[in-house]
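Two complexes come next, and they have one chain in common, subunit A, joined by subunit B in the first and subunit C in the second.
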Partner chain A sequence: MISTTAASTAQQRRGLKRFLRHRLASLSIVVIVLLVLSAIFAAQLVPFDYRQPNLLELFLPPSITHWFGSDDLGRDVLSRVLYGGRVSLLVGILAALVSTTVGTALGVISGYFGGWVDNLIMRFTDIMLSVPTLPILIVVGALLKESGTPLAEFFARFGAAKNILAIISIIVLFSWMSTARLIRAEILSLKERDFAQAALALGARAPRIMFSHLVPNALAIIIVQATLGVGRAILIESGLSFLGFGIQSPDVSWGTMLSRAQQYFLIAPWLAFFPGLMIFLTVLSFNYIGDGLRDALDPRSRA
Partner chain B sequence: MTMATESTAKQDKAVANGNLLEIKNLRKYFPIRGGIFSRVVANVKAVQDISFDIKPGEVVGLVGESGSGKTTAGRAILRLIEPTAGEIYFDGVDVAKLKKPQLREYRKKMQIIFQDPFASLNPRMTVGDIIGEALQIHNLAKGKAREERVADLLERTGLSPTHMRRYPHEFSGGQRQRIGIARALAVDPQFIVADEPVSALDVSIQAQVVNLLQDLKEELGLTLLFIAHDLGVVEYISDRVVVMYLGKIMEIAPSKELYSNPVHPYTEALLTAVPIPDPTIKRERILLQGDIPSPINPPSGCVFRTRCPIAIEDCKHIDPPLEEVGPGHFKACIRRP
Partner chain C sequence: MIFVGLVYFDDEGNLKPGLATEVPNEENGRVEFLDDDNDGTVDRTRVRWTIHPEAVWQDGVPVTSADYEFTYRVNVHPLIPTSKNLAERISSFEVIDDKNFVIEYSGIYAFATQPGQTGLIQNVEAQPKHVWEPLFEAAIAAAERLDDPEAQAEVIRQKFIAAAPATSELGPVVGNGAFIFKEWQPGNFVRLKRNPQFFRNPENVADYVQEIIIRFIANTPTLQVNVINGEVNATTSPGLGLDEGVVLERFAEAAGFVVAVPPGDKWERLHLNLFDDLQVVEDLQLNDPRTRQAIAYALDRQGLVDTLFGGLVKVANSFILSGDENYNPDITIYEYNPEKARALLAELGWSAGADGILRRSSADGREIRFDLQYKTTAGNATRERIQEFFQSNLREVGINAVIDNLPSGSFFSREHFRGASEGAWTGMIQFFSTLVPVRNDGLWLNSDNNNTPTVDNGRSGRNLGGWNNEEFNTLQAQVVNTPPGEKRQELLARMQEIYAAELPIIGIYERADPYTYKDGLLNYNFSIFENSLSIEPWNWGWSQNGATDLGQ
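Here is the complex of A and B:
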C-alpha cells in the first residue's frame, strides 16, 4: 500500500512536469488565477462604484482616471469588468463542469449498455438538439421571473444565488448533448477493445469497466468538451441576459456588457473591446489549459 | 472446507466423463439489420454448430485461416460474445446458461490471452494495476499481499517486479504479451483461451512466448485452447488439433496424427503451407483457389467444396458429418474414407 501511494505521487509529479512543459498552459493558469482573484477581490480593487451612473462622464475613452473608459451612463468600465468577471467566470466554469459531467455520464451509460437504454438516451438527446432553444428559453425565463410558479419557488430557496443557479441550470439543460453524443461514440469503440474485453473476462462489473477502463481512455474528448464549454457558457449567459433574464441591471457580467455595447460600437468601441478581451482571454486560456491537462493525464506522452 | 469438498466433487465429475470442457453444437450468428425497421436481413454465420471436448491438462490447438471463426468460437466459449445456441459444459456445468452473478464466479476459472499485445492492456493503468485488478475484483488479495502476488506473477512470466509501476507503452510487444499472460494467471484459472497469442509478435519472440506458455502449463496444470492460423506453432504446443473452416470443424486429430496423416483436403492444404526451414527441400504445395467464401451465405453441403481440389457433385448436397477414422481422429469429408 505504501509503495502504491509512493507510485501514485511519483505519477502525479510526472504529470505535473508534463503540464509545466506546456508553456502556454502554464501561462494560461496564471491568467485564469489572476482573473479569478480580481473577480473575488473586485470590491477592494475597483476605483469606482460600478453601479453609479455619472451623467457628466458619458462615453469617456480610456484615460488615466478611467483605464477602460466609461459607458453610456458614465459608469467606470474597469470596475464593471472586474465585477462582471464574478458572474461570467462562475457561470462559465460551473456550467461547463456540470454539463460535461452530465453529458459524459449519459454518453457512457448509453454507449456501454446499448439496446433500449441507448435508444432512450439518444432519442432524448436528439429531441433536445432539435428543440428550438429560443422559445423554450423565453418560457423558462418567464416561469423563473413569475413568483409563485414551482420553478421560481424552487430557485427562490437559494436566496442570493438563485439567479446564477437558474442561469447555470438553463445553460446545462441546453449544452450537454454534444458531449453525450461524442462520448457515446467513443465508448462504443472503446468497449470492444481488448483491454475492456479483458476486464469483462476477469469478471469486472459494469461500473468498474466504465469508470476505470473506458472513461480514462476518453479523457481527451472530455477535456476538450469541458474547455470549449466554458466559452460557450459565458456567451449563452450574455444571450440570456440580452433576452431579459439572467443578469439584470444594475448587476453586470461580461456578456451583458458586450451586448449593451453593440448599439454604441461606432462611437465607443472600448465598451465592447474590454469585456470582449476578457471573454477571449478566458476562453483561450481554458483551451490551453485543456491541452496541457490532456497531455499531463496521458502516461504515454513524454515528461 | 466447503470449498474444498465442492471442488473435489467437481473434479470427480470432470474425471467421470474425462473432460474439463465439452462444447456441444455451439453456434454464433451475428445478425445484419437493414431497412427502416432494423429487421434482420441476414446472418453472419461465424460459428456453425461445432462440438468438441477438452480434457484436463490438455492443450487443444484450434486452427484455420482468417475468417474461419476461431476467435469467435474462443470468445463465445468464454461468453465474451453471447453464443446464439449450444452448450458449453465446464466441469459439468453449462456455462452458456449461467446468469451474470454465477458467470462471474466462472470467470475466475476461465481466462483469455489476446492476440494484440498493444490493444489488450489499458494504456492508462500501470502494470501493477492491470495485473492486480483481477485480484481486486475477486477480493483475492489486498495491500501487501496483492503486491506480492503481482510481483510473483511478473517473475513467473519472465518479467521483473520492478516493472510494476511502469505503463504498458514502456514495454516491447513480447513483454506486453507476458503482462497479458500474468493478468490471465492472476485469478488461478483452470482453463485459458489463448487467442493467437504469438501471431502479432516477431518470430524470435514467438518461440519465447510459446515456451513460456508450455512451462506455465506444466507448472500450473493448465488446460489450454490455443488458437492460431499457423500449424507450425500449434504442432509444437498442442496435444490435439481442431481444424476449422468457415465456422465448421473439418478435422480433429491428435497432433502427431494430424501432421503425419491428414485426412481432410483442407488440412492437407494448410500443412503444405507451413514453411520448412530448409531451402533445399522442394515440396508440392497445394494452393487453394480464391478466397474464403462469405459466412453470410456459405456454400451448400460441404462449406469447403468451392475451393476443394477433389470436390464432386455430391459435395453440394451432403453436409458431411464428423466421422471417426482412427482413435480420436475425426474428419468431415465424404471424399475420404
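Here is the complex of A and C:
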C-alpha cells in the first residue's frame, strides 16, 4: 500500500515536471489564473460602474482614463470586460466540463459495449448532430420563458442563477456529440489492446475497465475536446443572447459585447477588439494547457 | 417608378397630382360630403377624378377610366384573394367618360383622396385593362367551372396572379410611370430604363438618369461598406437603421455622399400593462397615471435622441406626428426630470431600500419591490441599446427594469403581444407602429373595450395595455366621422390632451429610416408617407450631367 502511494506520488511529480517543461502551458496557466482572478475581483478592480451610461463619452477610443475606450452608451469597456469575464469564464469552463463529461461517458459506454447499446447511443448522437440547432434553440427558449412549463419551473428553482444554468444546459445539449463520437472510436481500438484484454482476463468488471483503464488512455482526446469546448461555449453564449435567452442587461459577457460591437466596427473597432482578445486569450491558453496536460498525463508518453 | 398613382405624397405629406390632373378637394368641387336625408350626418362621400390627357401606358395605349374601373372590378371579385376592406367602403364606381370617373363611399370617408384609395389593393396602382382583362376573364371562367374553393384559388393563382408578366422571361410589365421594367434577376438585381414618353419627365430628359439598377444587399455591414467605397450610388428608405445611418454619417464628407433622414412616420414606444386585476400591475400601480408620468420623467428621451441618434429624429410626445397639422403643441411634455419622477413615486408610497430599489407595503402587508418587466424584440441592436439606456435611467429613480426579451416571432405572437390581460407581459413592451392619423383612418389608439384584446374577444384589437377613458372614446367615435378641417383638428387636439395627461403609452421617438446618396445626385427624395420606392423618380439626375436641382 505504502509503496503504491509512493510510486503514484513519484509519478505525479514526474507529470508535473513534464507539464512545467511545456513553457506555453505554464504561461497559459498564469494567464488563466489572472483572468479568473480579475473576474472574481472585478468589483474591486473596475475603474467605473460598468452599467452606467455616459452620453458625453460615446465611442471614446482607448485613453489614459478609459484604457479600453468607451462603448455605444459611453460605458467603460475595461470595466465591462472585467465583469464580462465572470459570465464568459463561468459559462465556458462549466459548459465545457459538463459536455465533455457527458460526451466521454456516452462514448465510452457506446464503444465498450458495442451491439445494440452502441447502436442506440450512436443513432441518438446522429440525430442530435443532424437536428438544426436554431429552431430547437427557439423552441427551448420559448419553453424556458413560458411560465408554467416543467422546464421553466425546473430552472426557476435556482433563483438568480437560473439564467446561467439554463445557458450552460443548452450549450451542453448541443455540444457533447463530437466528443462522444471521438471517444467511442478511440475506445473501440483501445479495448482490443493487450492491457485492456489483460484486465478483462484478470476478471475486472466493466466499469473498472472502462474508467480505470480505457479512459486514462483516451485522456489526450478528452482534454483537447474540453479545451476546445471552452471557446465554443463562450461563443455560443453570445448567440443565445441574440435569441433573447442568454445574458440580459445589465449583466454582460464577452460574447454579448462582441456581437453588439459588429454594428460599430467601422467607427469603434476597439469595441470588438478587447472582448475578442479576451476570448482569444482564454481559448488559446486552454488549448496550451490541454497540450501540456496531455503530455504530462498520457500513459503512452511516460517514457 | 414603374407605376404612378393618381396622386402621391411629397416628402412633407402634401398630396400632389400624379396621373390625375389635380388633387380632388372640397374647394375645387371634386370632393363632396352629401347629407341625403338632411339629418346632419354625412351619408355619402363623392370624389371625382380626371386622368391627365397625356397619361399613356408604356405600350402607347392611353390610360383611361376603364383601367381604373377594371382594377376595381378585379379587387372586389370574390374569387380574387385581396383585402376587401377598402373596396367594401365603395358604394359605387361610375365611369363618366374616357378621362373622368366618380367613386362614392358610404358615409364619411376622410381619406378618399389619398393614394391607393381607388378601390384597389392598398398601394397597388391601376393596371392596364387591355393587358390583363383577357387573362382575368379566362381565369375566372376556368375557376367558376370548379367547385372546390382550393382548386379555384389555384386556378386563379396560375392563370392570373402568378401569370403576372413580372419577370423578363414572361414579358415586360406594362406600367405608366417614368421607368420601364427591363430585367429582374431574382435575389440579385432589377434593371429599369427611362420611359422617354412619360408626361411628367423634366425638360431635356436626356440629361437625367436613364437607367436604374436596384440591387438587394441583405447584410447591413456589407451595405455600409458599399456605400462608403462608392459601390452603390444611393440607398433606399427603409433600408438602413438609424444607428447605421449615424455610423455612416462619420464617413459621409470624406467619401462624398449624403446621409438624409426623412421625418419619422412611426413611433417607437412603450406600452404599459394597465390591467389592474393582475397582481403585478396592481402592486406596481401601473394603472395610476402618476406611475406612468414618473416613468416618463425618469427617461432621458431627449438625451437619447440628441446623442445616441445624433439629433436625426425627434422625441414622440403625442400619438400624432409632430409635423402634422393635427399635432397639438400645447400638450404636457415630459422632459427628463428624475427629481419629479422620485417625488411622484414617493407620493405613491414608494421609498428606496438598501439596494436603492424602491419598496412599499401593500394593503395586505406584503413588501413590494419595484421590479418592472421590460420586453422588446431580441437581437435588435438599436432597441437593445435604448433598452440598456432606459434601464439605467430607471435605476436612477429606484425602478429595477428587468429585461426579458423575446425573438420577434414570439414577441409579436397573438398570445404574447395581445396577451397583457392574462399577464403574458406584465410591465412594459417596446416596439413601433405608424403614427396616426397621417395615412389612414384606423385610429388604433381606441380605448374602447371592443378594441382591447382579451381572451373573450379572441385577443383582437390594438389597445394592448387595456387603457379606458370615456371622454377619449367619445371623441374617437366623433373624429372618424368628421371630415378634415378645423372641427376635426379640435377633436384631435383634445384627444391629445387626454392622452398626454393619462399617458397610457410612452412615446420614445418618431422613427425614421435614413437613406444615402452620392454627392451630385439631384432630387433623390423619399416621402415617408408613400410606400413606393421614392417620390418623383423622374427628376433624378446627376449635376455633372446637366440635371437641374429642383431644391427639394
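Going forward, the second predicted complex is superposed on the first by the 298 of 303 C-alpha atoms of A that agree within 3 Å, B and C clash if a C-alpha of one lies under 4 Å from a C-alpha of the other, contacts with A are read in each partner's own complex, and residues count from 1 in each chain.
Just so we're on the same page, a contact is a pair of C-beta atoms (placed from the backbone, for glycine too) under 8 Å apart; a residue touches a chain by one contact, two chains touch by 3 or more.
Keep in mind that this is a model prediction, so the values were computed, not measured.
Visitor: Clash or fit: what happens to subunit B and subunit C when subunit A is overlaid?
Guide: They fit: once the shared chain is superposed, the two partners occupy separate space.
Visitor: State whether A:52 touches subunit B only (first), subunit C only (second), both chains, or neither.
Guide: second
Visitor: Would you check which partner chain A:264 touches, where first means subunit B only, second means subunit C only, and both and neither mean what they say?
Guide: It touches subunit C, and subunit B stays clear.
Visitor: Given the touch rule stated above, what does A:199 touch, subunit B (first), subunit C (second), both, or neither?
Guide: first
Visitor: Touching A:208 in the superposition: subunit B (first), subunit C (second), both, neither?
Guide: First partner only.
Visitor: Based on the superposed arrangement, let me know which partner A:13 touches: subunit B (first), subunit C (second), both, or neither?
Guide: After superposing on A, A:13 lies clear of both subunit B and subunit C.
Visitor: A:216 in the overlay: touching subunit B, subunit C, both, or neither? Say first, second, both or neither.
Guide: After superposing on A, A:216 lies in contact with subunit B but is clear of subunit C.
Visitor: What's the minimum Cα gap, in whole angstrom, linking subunit B and subunit C in the superposed view?
Guide: Result, nearest C-alpha distance in the overlay: 42 Å.
Visitor: Need the overlap of the two footprints on subunit A, from subunit B and from subunit C, as residue ranges.
Guide: none
Visitor: Per the contact definition, I'd like the list of subunit C residues that touch subunit A in the complex.
Guide: 220-221, 224-225, 228, 243-244, 247, 250-251, 300, 303, 306-308, 377-379, 381, 384-385, 387-389, 391-392, 395, 403-407, 409-410
Visitor: Under the definition above, what is the set of subunit A residues touching subunit C in their complex?
Guide: Those in contact with subunit C are residues 51-53, 55-56, 58, 72-73, 138, 141-142, 145, 241-245, 248-250, 260, 262-267.
Visitor: Tell me, which parts of subunit A touch subunit B in their complex?
Guide: 1, 3-4, 7, 10-11, 193-195, 197-205, 208, 212-213, 216-217, 219, 298-300
Visitor: In their shared complex, at which residues does subunit B touch subunit A?
Guide: Result: residues 75, 78, 80, 103-105, 107-108, 110-112, 114-116, 119-126, 128, 133-134, 137-138, 143-144, 147, 164-165, 167, 169, 180, 183, 186-187 of subunit B touch subunit A.
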